[in-house]
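Common to both upcoming complexes is chain A, partnered first by chain B, then by chain C.
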Partner chain A sequence: MKKGAIELVCINKAYGNKEAIKDISLSIAAGHYCCLLGPSGCGKTTTLRIIAGHETPTDGDILLDNRNVTGLPPRKRGTALMFQNYALFPHLNCVDNTAFSLKISGVAKATRHAQAIEMLKLVNMESYTDALPDQLSGGQQQRVALARALINQPDVILLDEPLSALDPFLRGKMRVELKRIQQQLGITFVHVTHSQEEAFALSDQVVLMHDGVIEQQGTPKEIFQQPKTAFVAHFIGGHNVLEGQIHQNEFHTGSIRVKGLAQALSSSPRTNVPQQFSLRFDRIKAAPQPDEGLHTQPFTVDAVEYQGAVIQVQGHYQKGPELSVYVSDKAFFAHPFQPGQEIYLGWDAHDLNPLQPPVHS
Partner chain B sequence: MATAQRKRGFIPLTILFGAFLVFLYGPTLTIGILSFQGPNGGLTFPMNGVSIHWFKALFEEQRVGDFGGSLGRSLLLGLSVMVLNTAFALLAALGYRRVFKGASLIFYLSLISLILPSILISLGIGIMFDRLGLSPHWYTSAFGAHMTWTLPFGLLIMFAVFNRFDRVYEAAAADMGATDWQTFKYVILPLVLPGLIGVGLFSFTLSFDEFSRTIMTSGTFNTLPLEIFGMTTNVTTPVLYALGTFTTALSFLAILTSLLLIAANRHRQSRRADTP
Partner chain C sequence: MNTPVRTFRSYWQVAPLSLVLLCFLVFPILTIVIVSFWDFNAYQLLPDFTFDNYAFSLTSDVTLKAYLNTFFYAIATWLITLILGFTVAYYLAFHIESNLMRNLLFILCTIPFLTSNIIRMISWIPLLGRNGLVNGLLTGSGMVDQPVEWLLYSDFSVILAFVHLYTLFMVVPIFNAMTRIDKKLIEAAMDAGASTLQTIFLVIVPLCRSGIVIGTVFILTLVMGDFITVRLMSGGLSASVGVLIYNEISLLQYPAAAADAVILLITILIIFSILFRFVDIKKEL
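Presenting the complex of A and B:
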């Protein structure tokens, strides 16, 4: 059986009067890659530090492999934390940094150096054994930090924004590397990030946090296809949030009416109920002329942004929502739009994803 | 760009700076030259031959001074102050990393001795020893007087060092299972070591040439600065200059040694880094 299952039970953390984390319960399966995702100040790093044992929860329990570790110091938990700026000891070379925890537990020099070199091999840093941290690039420092975290064979690796200090190119490369190492070792990785791109690329499980609570958790696909709240839809990007009313089988937002809601809503349609839906940028059709399947109201283009494979068109309805639309570059350059121009949009009712009211008031 | 246009003030400012250098180093240089005066030479130019006669005379028993003894006392005193002050400054700075009651009061109290005139502190300690019926010695009352001078400097340096110290290293050590003592030994101490060396050197030099805090506290035997001062009023031969040259050379030697030590340490680290 794999080790490294994490269970948080009703965790609270308050700093004075400020509640950083409010009643979080979460379980992460052994051997999974889990990303704690959210904007700064959402409590994701605090959650990580609570799992690591560097913060004590005000209330609640932490279980690792069904063992209650709430009161235990970091070392006794079987976790290893990789700090945001890696915290490599500047006075020790790569081998001594990597072997630090072995030195602490009294392993003889030859043995611990041999083990450290093994770990450095795993992260492709074996040719830098004698380099000091400030002689290494950010990506190299991170590899050494990872080797240092791995050397005690922890069941869980905790990573605090591990890629945020790297340039975009290196970030992509290290992302692949992290995933490779995680799969090779089969241990649990918990990774804090504010980048949904990073979280989607790496995770088996994404936990999206906001204001100290879990807004939504699930696989990247679940979250992107069915964001639960307006916050999630906004945060992960690529989603419009439409606000309006449901009348029988129709959704009214401004002057726009969307028919055939029955399939879209699992619960029976209500009447005169305020409701929010999310609608992906790439699920909206755009055309310069009115056409069948498009709304008859004209849509005024406010901005056109070239993004390579797609063109993001932002605009608004005279009486209705502001929307963003992805138009493929092929379709766009066949009929380019200018800001100020009026175009016509359309979408299927089943692309509307019903949103729940915010988790917290 | 060797012919780059110089600013207008360049030449007058260079002359001013040159004059400053002459003012700063001229006297020392003059004393240095005059200390090699021939055996029959006097206190002023012209040189009457060149010899090291006066350096030899320095280490013989003087009619008017005990140079060897006072040098020994000053060195011992300086080293003791260095050791104790470095230890104090480190422990105090570690203590000040936590918030405790009365922290700023104690901080300002220890800084007061920087502001008070040294001679008053010296006098005060002298009087206190007298009132308590203790006889002052260079290794008791003068030692304490020197500490009042070096401790505030040591504290300020160590505060600055710990201000820049990133506590994440301690968290990292704790994450890897280090006890507080192991964290101190393997992480904190090596990282603040350059600061500690600085405090040590500073303490030594401050104590070694301290005059006013010693004059009322040293008791029967003189330290080197007191001895030199005494000689300036009594000695009329170039032995005085030899003494000045010798102590200056000693100071330069101390600085050079510490620079070499630092360079050696750097070299050792980079050599380790270079071997594949």
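Presenting the complex of A and C:
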């Protein structure tokens, strides 16, 4: 059986009067790659540090493999934390850094060095055994930090923004590496990040946090296809948020009316109350002329941004809403549009994803 | 192409300091070295080139005793100030959360320096003397029958005064080195299961090695070059190398004093050259 199942039960953490984490409950299955995602100050790092045992929750319990570890020091939990800026000991070379915890537990020098070299091999750093951290690049330091975290064969590895200090090219490479090591070892990884791209690329489970609460959790696909709140839709990007009201199977937002809602929605929507929907940029069709399936109102283009595979077009209807649209580069360059030009948009009622009101006001 | 001019100009920038050092450091030391080879009699200096002063000093039992005494004072003071300095610096750097509080406490450490060294030493006398406060308390409470003699005018009082005078010179560099240690390293050590003591000896001490070495340099220089503390606090009963030189000067035996000064200088330089093998001082400053 895989080890490293994490369960947080009603965790609260307050610093003075400020609540950093409000009543979080979360379970992470053994051997899963979980990303805690959110903007800075959302409580994701605090949550990680609570799992690691570097912060004590004001209230609540932490269970690892059904063992309550709330009061235990970090080393007794079977977790290992990889720090944001790696926190390698500057006076120790790679081998001694990696073997530090073995030295603490009194393992003989030859044995611990052999094990450390084994770990450095796993992260492809075996040729830098004698180098001091100062002599290594960011990516290399990170590999050593990972080796140091892995050497005790923890059930859970906790990573605090592990890729944020690397340049984009290296970040992509290390991302693949992290996933490879996680799958090779089959242990639980909990990874804190503010990049949805990183979270989506790595995770089995994404936990999106905002203001000390979990806004939504699920697989990357679930979150991207059905964001639960306007915050989630904005944060993960690629989604318009439409605000309006529902009148008899029609959704009214600004000058636009979307028909055929009842068929599109599984639960029957409340009428005559404000309602939000999210709509993906890439699910909107755009054409220079009015056509069947397009809204008859003209849409004024405000900005055109070239993004390679797609062109992002921003604009607005005269009485709202403002929308962003992805147009494939092929379609765009067949009929390019300029800012100021009027075009016509259309989308399927099925592509409207109903949003819940914010988790907290 | 204007490099020679620029190099020449840049010399002006270092000229003032060079001049000061030349006049007040290099010149006096050269004078001392020269005088140490002179001869003397009861009332005058005789320019000469003789090794007699060195020969006398290096073979004399008095010199040996004075050196042993000086080393004893230096090592004892070093050890005590190191433990005190490390503890105080550790408390300031790692236990005080607020910066304001840390700075206030740090200023508090410097308060003894607001009075002169001599006053601070003399103020120990009414405290430690035979009829002083401490003995009054001890005899009054019946803990001892006779006043304790070794409190004043003893090695104890000399080392006590040194510690009192110089602990700050150990606190400052160690504190300085400690504040540069990333707090995350301490957490990383904890994460690896290290106890507080293991963290101190495996992480903190190696990382403030430079501070410890600089503090050591201060303490050794101050203690080994001192004569007034030893004279005052030992009541003239013990002699350090400084006292020895001072006595020779008061007897107008300048060449002998100069020779002893040169020997002391060389001794200290040898100690420092060994110390600096352990730390790259330029990297740390």
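Note that the second predicted complex is superposed on the first by the 360 of 361 C-alpha atoms of A that agree within 3 Å, B and C clash if a C-alpha of one lies under 4 Å from a C-alpha of the other, contacts with A are read in each partner's own complex, and residues count from 1 in each chain.
Everything that follows uses one rule, which is that a contact is a pair of C-beta atoms (placed from the backbone, for glycine too) under 8 Å apart; a residue touches a chain by one contact, two chains touch by 3 or more.
Note that the structure is a prediction, hence the values are computed from the model and not measured.
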Specify the outcome, clash or fit, for chain B and chain C once both structures are aligned onto chain A. clash
Touch test for A:Gln183: chain B only (first), chain C only (second), both, or neither? neither
Based on the superposed arrangement, let me know which partner A:Ser25 touches: chain B (first), chain C (second), both, or neither? neither
Which partner does A:Ser127 reach: the first (chain B), the second (chain C), both, or neither? first
Between chain B (first) and chain C (second), which, if any, makes contact with A:Gln135: first, second, both or neither? first
Between chain B (first) and chain C (second), which, if any, makes contact with A:Phe100: first, second, both or neither? both
Of the two partner chains, chain B (first) and chain C (second), which one does A:Thr296 touch, if any: first, second, both, or neither? neither
For chain A, give the residues common to its interface with chain B and its interface with chain C. 52, 54, 73-75, 80-81, 83, 85, 87, 89-91, 100-101, 103-105, 148, 152
What residues of chain C sit close enough to touch chain A in their complex? 182, 184-185, 187-194, 198, 202-203, 206-207
For a test of understanding, state which residues of chain A touch chain C in their complex under the given definition. 52, 54, 73-76, 80-81, 83-85, 87-91, 100-101, 103-105, 148, 152
Chain B partner, complex, touching residues on chain A are 52-54, 73-75, 80-81, 83, 85, 87, 89-91, 93, 100-101, 103-105, 127, 130-132, 135, 148, 152
Which residues of chain B touch chain A in the complex? 166, 168-169, 171-179, 182, 186-187, 190-191, 269, 272-276
